[in-house]
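Each of the next two complexes has chain A plus one more chain, namely chain B in the first and chain C in the second.
Let's turn to the complex of A and B:
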């Protein structure tokens, strides 16, 4: 009796299939750190996952015997040369992606090509995007596509998307299919260094509490879409809070080659904060720089006192 | 309308600056003799270069464009700004002191060429 109820419940749940392509496993591992992992997964029937115990085996997977409502793709896309049990992952994506109601590209590699695209930029890309451009697969999947960016994705970003799907709620997406709730702001939003940014006080090095990392130390937070400083990593911190520049890992042009120094032209940042006209930025920062705010020039904690 | 080259812009800035010094010498006199020698009077509300921030912003935009197009050499902003404005300001000071043997507009071509040559990539 009890078994029958469980079986019926399982049948009602969306069937979740996690498929890996060219990947480092980073997104899989990140999601395993979600404090509510099993609570979220309990809303789905996990039909296949590369690490977790699942209903179906990899033999079932490559024999196309698995039902799929939600397909998560992790890793960069290549048409040929990445196979599981002799079956190209591209064929598996084509098959399961057709039956799925949602396709989540988990991570910057799966979405834009990311790190792995650097190996062979002509053949390796994201599933539906190649950098900023759409791929030939985009039209097939556009109505069901959710782009989750990050290297890796924040576990709670995927948790948010899965729960919205499980609850049947509408999830506003932008032109690149990114959930606006997660990527409608920049990493700069909520950064603990914003006061230093406003008054244009540079950080004197990595890992210190004081100063902004944008001007000299390569921080891409002001023009990178993401909620790293609103949904903190491990619930406590972020790169910029800890004193490391944002690497822009959610962007189509990730990875850039210079991560620890800001590109400037005669000392002026080569890239402006997202949507801010250059003249407006230079006017505002020029005024701010004219004032010396003594408190912001001092250490937050004076260890020598 | 095509964008003027960095060389042309430098000449235009030098021309405007010297013309202003010629036509409104009281402004230059005020800046050199009152403002710079009485900085403590202006310490509240006109810190740093805030009073000329509009001008500085336009120079920044100019430098940024010119480095981006490859016309000018990338360097620290103040190294370039100091050379540019220090040169123009120095010439106007010499004019104010009555040291220059010729009218100031006579020097526009040579000075703008010297500035360009010093800053070009």
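Let's turn to the complex of A and C:
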């Protein structure tokens, strides 16, 4: 390709800036697992990124010299105290966020405050949300805001948003700016243990493929927004498939405590599956529990037979 | 004269203040960013919450944090009189998933950090897409791992008494195929020779057999006079075991035992990172330390020629890719899925205990200490590898990485030496 053509082509692409605030880099590393990483990135000009090769350096970033159309923010927000080369990240967000046409808060920290908020709940929050509440920055950014939840985000969730932007398509968002295609269902949807949930058969401890983790082992899948069991992790599995409870990492109140135990009231789960009235749940449970399904009480594979 | 340099595209960023004297570096101050306070966040939470919270210390070595956290709880349970005995299956699965994380880390370090920086430094740019290689290998290995751990990053699948997964042989075959795919990449692209031949390399004189990207890297280090640069205290420490690693400390080449009780942490001025010493002395931790303490023949030979210089340090990390791939295959071959995954009941727990968990993470020994009173964490301590390697030092001697950069004539070269330690600022500022 001739140099001039290449330059013009690059100029046509939206400029993508990945900016880190208070973070563990988990979203960065998660996205690197995307099997179509380079196809997606080929639709953008990556102007700055914490790891990947970029057109600009960190010196350019803190000198406000970078053009930006799509801003990805990773990590929780704080007004002062989180600086790069003496420049507050909050100032960088204000500057690049203003010129950007889209702002993607990538991860639960960037969106709601997440784990790092718990260190200093009064000063640390998400960019546009503080838990469920909106922050003073919400009004400035509401027209361009996309909330991506997860600790970390699934690579394909970010891939979806970037490709929708690149293709110029409309993304249906909910009231918290979450793409409905990704968060309109619960983690429970598609879980390999669903049959055990239906018949109220709980897992007999950790390390067995049989049984549902909702009743005893802390699983929050039935009331957590996310497509972890529809769009599998690392294209192969998920927490609940691997016998680990869902910890509700996409929710504004993540992380709660006693994460490996289910909270119950008089033997009934304290929180109902999303949108299910308690009475409906109790009725269905009563019916399911009045039958004993032998097959579901047994191991799937008998190695010692 | 002091020159400031912001080093980026490591795990986070670091600010280095170089003091020059007559053209050469005589001191370096290393500054890291925001202190996030994970240890404080854990206080008041349930003991097992650490299995979810501590992986969030670090996006690239989160799995090592999980294993250190579960190790600390199991150690505490044992002290409290609970019998904790893992099945061979659970042990092997844990080792396998750790090996996967180490391999993805080392491959990313090679292709994101070391090779591109060295190419820029020497002007020998290959024009190859190193990023593509890194993401291909890393996502292949993390997929192999997720078969057991459910996901990477940020899995919490290791619980007291074992693991939460219950794999079938279909799963094991899939994992084996993914490891085999990575072995092929290693043979064809990274070292250019078959694995069995690679593993026979035991001395500097047979190192020339290594070709591929690693061969080219070694060649560049030699040609541009970098091989002997970056020497430090020649003192190494390893606390973790498993995956062929041996615990102990090595001073020059004399190896002896270690005990985590002699580790001391100290607050440093001007940075949020705490320094750490063993009996008041500074030690290097990480792959080179693991090679020196285990007395691996190739490292004895490299050390004889290049001491603890750049060639030895850089090769040590890359050599682990081969060793760990071999270990991964062995672990999967021996896996018997009919054994129990978890031997402790989920409700069983001690109400008060203290425990220590130790794991060899990508960058070296990682230590978690938990103290639990009345079913709540009352104190949590995390000592990360980078604290050993990147501290400023104490009143007796300079920090390990600082010492390695002293005497360099340029900031570019010194930053390269700095990167040879595989810097992780997020862990350091946990």
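Brief remarks on what is shown
Simple rule for what comes next: the second predicted complex is superposed on the first by the 304 of 305 C-alpha atoms of A that agree within 3 Å, B and C clash if a C-alpha of one lies under 4 Å from a C-alpha of the other, contacts with A are read in each partner's own complex, and residues count from 1 in each chain.
We adopt the following convention: a contact is a pair of C-beta atoms (placed from the backbone, for glycine too) under 8 Å apart; a residue touches a chain by one contact, two chains touch by 3 or more.
These numbers were taken from a predicted model, which means no experiment stands behind them.
With chain A as the common reference for superposition, the partners chain B and chain C occupy compatible, non-clashing space. In the superposition on chain A, A:291 makes contact with chain B only, not with chain C.
When the shared chain is aligned, chain C comes close enough to touch A:24, but chain B does not. Taking chain A as the reference, the larger set of touched residues comes from C, when chain B and chain C are compared. Contact with chain B, but none with chain C, is seen for A:266 once the two complexes are overlaid on the shared chain. Chain B and chain C, viewed from the C-alpha centre of chain A in the overlaid structures, lie at an angle of 110 degrees when rounded to the nearest 10. Contacts of A:283 after superposition: chain B is touched, whereas chain C is not reached.
Contacts of A:138 after superposition on the shared chain: neither chain B nor chain C is touched. Put simply, the nearest alpha carbons of chain B and chain C end up 15 Å apart when the two models share chain A. No residue of chain A lies at the contact with chain B in one complex and also at the contact with chain C in the other. Within the complex formed with chain A, the chain C residues making contact are 6, 8-9, 11-13, 15, 33-34, 36-38, 40-41, 44-46, 48-49, 51-53, 56-60, 62, 90, 108, 112, 116, 129, 131-132, 134-135, 138-139, 142-143, 145-157, 159, 161-166, 168, 174, 337-338, 340-342, 345-346, 426.
Against chain C, in their complex, chain A makes its touches with residues 20, 22-30, 32-35, 37-38, 50-53, 57-59, 62, 78, 81-85, 115-116, 118-120, 151-152, 205-209, 216-217, 228, 233-244, 247, 249, 255, 257-261, 301, 303-304.
Of all the residues in chain A, the ones that touch chain B in their complex are 264-268, 270, 278-279, 282-283, 286-287, 289-292.
Those residues of chain B that touch chain A in the shared complex are 47-50, 53-54, 56-57, 60-61, 63-64, 67-68, 72, 74-78, 80.
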